[in-house]
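As written, the chains take the letters A, B, C and D, and residue 1 is the first residue of each chain.
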Amino acid sequence: MPLVCLTDFQDHARERLSKSTWDFIEGGADACLTRDDNVAAFKKIRLRPRYLKDVSKVDTRITIQGEEISAPICIAPMGFHCLAWPDGEMSTARAARAAGICYVTSMYASCSLEDIVGTAPGGLRWFQLYVHPNRQLNKQLIQKVESLGFKALVITVDVPKIGNRRHNMANQVDLQKTLLLKDLGLSAKGNSMPYFQMSPIDPSICWDDLSWFQSLTRLPIILKGILTKEDAELAVKHNVHGIIVSNHGGRQLDEVPASGEHGVEEVLNILKNEFHTSMTLTGCRSVAEINRDLIQFSRL
Amino acid sequence: MPLVCLTDFQDHARERLSKSTWDFIEGGADACLTRDDNVAAFKKIRLRPRYLKDVSKVDTRITIQGEEISAPICIAPMGFHCLAWPDGEMSTARAARAAGICYVTSMYASCSLEDIVGTAPGGLRWFQLYVHPNRQLNKQLIQKVESLGFKALVITVDVPKIGNRRHNMANQVDLQKTLLLKDLGLSAKGNSMPYFQMSPIDPSICWDDLSWFQSLTRLPIILKGILTKEDAELAVKHNVHGIIVSNHGGRQLDEVPASGEHGVEEVLNILKNEFHTSMTLTGCRSVAEINRDLIQFSRL
Amino acid sequence: MPLVCLTDFQDHARERLSKSTWDFIEGGADACLTRDDNVAAFKKIRLRPRYLKDVSKVDTRITIQGEEISAPICIAPMGFHCLAWPDGEMSTARAARAAGICYVTSMYASCSLEDIVGTAPGGLRWFQLYVHPNRQLNKQLIQKVESLGFKALVITVDVPKIGNRRHNMANQVDLQKTLLLKDLGLSAKGNSMPYFQMSPIDPSICWDDLSWFQSLTRLPIILKGILTKEDAELAVKHNVHGIIVSNHGGRQLDEVPASGEHGVEEVLNILKNEFHTSMTLTGCRSVAEINRDLIQFSRL
Amino acid sequence: MPLVCLTDFQDHARERLSKSTWDFIEGGADACLTRDDNVAAFKKIRLRPRYLKDVSKVDTRITIQGEEISAPICIAPMGFHCLAWPDGEMSTARAARAAGICYVTSMYASCSLEDIVGTAPGGLRWFQLYVHPNRQLNKQLIQKVESLGFKALVITVDVPKIGNRRHNMANQVDLQKTLLLKDLGLSAKGNSMPYFQMSPIDPSICWDDLSWFQSLTRLPIILKGILTKEDAELAVKHNVHGIIVSNHGGRQLDEVPASGEHGVEEVLNILKNEFHTSMTLTGCRSVAEINRDLIQFSRL
């Protein structure tokens, strides 16, 4: 059977991956309400087609944070690609470059950052950061990604505590084996805990801490995980360069809104006025993933 | 079991047709969201019955583009009837004449136009056109159908690019074998591509090109596939004789609105004022088909 | 298993009745959309309970068309009870009298009217009429039911043409065998047609014909099957004594509104002002039946 | 398999409990419409997460009726814990004390009140009362629970008549065997009736009777089962200390609203102004249970 759509790839993957890997990739937090809402919300989007226009030539290029990409599509940050493919994030980096789009590399990449950069020189890449309690480790990592040519710093704000993923608990997933800790500037010591405590994330980070990150780097800073109009307004006030409206694919806090529902429209309206480009940020993990980071607005 | 409703015919057909033919007939584009919406939207229509009226005699006749039909029902343009019945469009033409309704013959008919006309002389027929990139071929075909007695020219506007029908891709349907290319004024040369590239359709056709078609023929011109109020208003401005509000049975661009949803009501309201007859345009392909071209408004 | 709710009785019946009888009783018209809407609409009704009230004694008696019943509940007119129980409508009549409620006897009863009256003397009964094309037969039947002590004449207005019940067509149900034609004042001659043509119903009856019925009898006249505000207003204007808002259990014209939907609320509001009693008219055929004639308003 | 969520515990329990016990615990009244609405309404609740706030230290303590608890969560009154666990309400009392929350002990507890108090001295407990027709028995019981150190009296108002639980009827549940009648101040004589008549509840109790209860005890009085704005306003007028907005888990009167639907929002809004603390009152019986008593407002 040829693979002609995402659902075909999902079926294909389910047959080939171990249960614990499949559950890690496909599973949402708690009762998976938000993950399922994501899929349903995505299916509810309707296009209003206009006809009798010349579409013999179509140009989808846009500029994002000063760089041109071939279409308003990015690959969202997802960790541990080696779970699904031996070449892991290196394959993803090459695919993104071939498609001419931006690859937002996860801090939880299972390939080293040097390998990711080396395999696809010239590709546009951003780096996604979970803030570590040790400030110096954050500083070292940010300076490293800047020197490696990443073009923006995406700070995830929706993980003050790792989501309650029941399947992982039941499966006792232990992801350290695939995580290259040296990239995180972390020693392996003290990291023998199961997955959901895998890497310490600072639960105390506040809006006021953003100026410290801004002082560290000339990279544009983008906040990922904003879901309320209040936080969107604070993002504008704190001079970040963009936000990613996302519920983390329903994998983080369950029972939060899906795109297009429960006030998320308000967030998008505010941002359309404050940040000037709207785009689709997508990944290949699953259908739910597509909606996970449906719309990003970045300051031009 | 007697066949007492469309669903019975569907089940009957599914048992008798090959998988690739069934999939071609029943399948929608992409995830079939719009096709399924069509069926759901059709089921949501509610009648408000008025009683204690004399219905011992009922007259459903109307006049459409100057011709009387027995009821406000037409047969929508559908290609390749020979896939389902040896006699193909010739049977359809005879059935339409027997019922006293209009048969909108598809450009992708699998019988020759001469045979369709010859088998049911005197029947009311319109002709549906996909615009070919070669203007002269369009001209020859339009002049041919006018001389064969077709009473209107229906130009399909919603296929600048053929819909992404996954089942056809998986089945590798090749429909040329049943397509009588001579009717299209096309040589068979360069047509050995699979179904979805079967016949070139001009992606550059624009509103301004309509005057060229209007200069070619005295037949009334009707645009098929309008889904937005903006395009409906442009149709009025460009002096077409009618439009068919249609999403191509969900077989063309997926994720467009079904009849009665997402602003389609607005289109219908505008047209009720500008075009004076509302009618049902229907076919027999499947239940989804019924909704495919639910309402047509034609200028009297 | 004890039978503790209607669903239990349904399951019990399905096991014991022939397929054609079950289909006749349970089946709706066409695609059964309205029948299914009825069940869904009934499930959506919500009560707003008030507490800390003395309910040690409860009195549910009301007066309907001048007669007191023990609760605002009637048995809706349903034909052919002998299909499900040997004693047929005689059992129903005794049950209604025992419960102190009104039994609206169907013209298509499978017991003779004399037997129904004789088995439960003193019970409150109304008679439901399908208008026959032969006016004299209607007159004879109305005079008969008046002399037998029925207290109101319910004229069904929603059957100018018998509903398209697909299951019956497939099953070729022939109900004449259980129908006592003598009660209808009809000869058996010319009645060898299958069920859905079983008894001629006058398709020409109009609002203006009501005065003829009113001249025939002193019984209050109630119209059954009203679904629009326009018809409800006409009923008030024509001085009928009550209307029954009903979609015939979804067995007559499919795709009409269920109670509480699509403007039926408007009908009820108008009638609450014009007719002074609201009540529930119910039967025991099935769950759908309960909703079939959910609310009746009768002039006091 | 580890038990990581309520659904896991449900499955675990279903395997281990007898059918009649499972049905008693899981079953709702009549068609279970309200029970199912509860689960659906609970799933519809959406959080609006705010990020970039310091959550390294979280304090969820609140004060309820003058007593501090560790989080705004109580254990709702549920009877007959011994059906599911040998130690019954004694285990529940110890768990509530360990969690630092309030345990609302049911009058239908299957352990003696002395044992419940004795097993977890110092725990915060309220007592839930069904009003007995014999006023003196109520008085004795209230004085007993006050002397045993219960801190509030919760009077259930939504059971003027026991709910129509079909499963129990079918199973012929007889719960007296586990009910310690001496705690109710009742003799066993005259109590050999099946479950649903197990204990007489006064159907005549009225708003005016509340002053008698208020004269009996210094405990704050809270009304459980309020569902309408009208009754909430009466509760304020009659000087009760709190109300519990509850539909009895859908186990009492079916077809009443679930939390958040059909005007319940109005009740909550009124109470937010009149009673000053909102909290979640929950139990462990089933998922439906969580919603059963979703929100309580208590006068500070």
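What we mean here is this: a residue touches a chain if its C-beta (ideal position, glycine included) is under 8 Å from a C-beta of that chain, and two chains touch if they have at least 3 such contacts.
Keep in mind the model is a prediction, meaning the values are calculated, not measured.
Participant: What's the chain with its C-alpha centre farthest out from chain C?
Facilitator: Most remote chain from chain C, centroid-wise, comes out as A.
Participant: Considering chain A as a copy of chain D, what rotation angle in degrees (nearest 5) results from a C-alpha superposition of the former onto the latter?
Facilitator: 90
Participant: How would the chain B/chain C interface be labelled, same or different, where same requires over half of its residue numbers to be shared?
Facilitator: The interface of chain B with chain C is built from mostly unshared positions.
Participant: Starting from the mean Cα coordinates of chain B and chain C, work out the distance between those two points in Å.
Facilitator: Spacing between the chain centres: roughly 44 Å.
Participant: Round to the nearest whole Å and give the separation of the Cα centres of chain B and chain D.
Facilitator: One centre to the other, that is 62 Å.
Participant: Could you state the distance in Å from the CA-based centre of chain A to that of chain C?
Facilitator: That gives a centre separation of 62 Å.
Participant: Among the residues of chain C, which are close enough to touch at least two other chains?
Facilitator: none
Participant: If each protein chain is taken as a node and each touching pair as an edge, is the resulting graph a line, ring, star, complete or other?
Facilitator: Here the contact pattern is a ring, one closed loop where every chain has two partners.
Participant: Using the touch rule from the top of the page, what pairs of chains touch, sorted by label?
Facilitator: By the stated definition, chains touch in these pairs: A-B, A-D, B-C, C-D.
Participant: Sort out for me which residues of chain A touch chain D in the complex.
Facilitator: 30-31, 33, 157-158, 160-161, 166, 169-170, 202-207, 209-210, 223, 225-228, 230-231, 234, 253, 255-257, 261-263
Participant: What residues on chain D touch chain A, complex-wise?
Facilitator: By the definition above, chain D touches chain A via 1-2, 4-5, 7, 43, 45-56.
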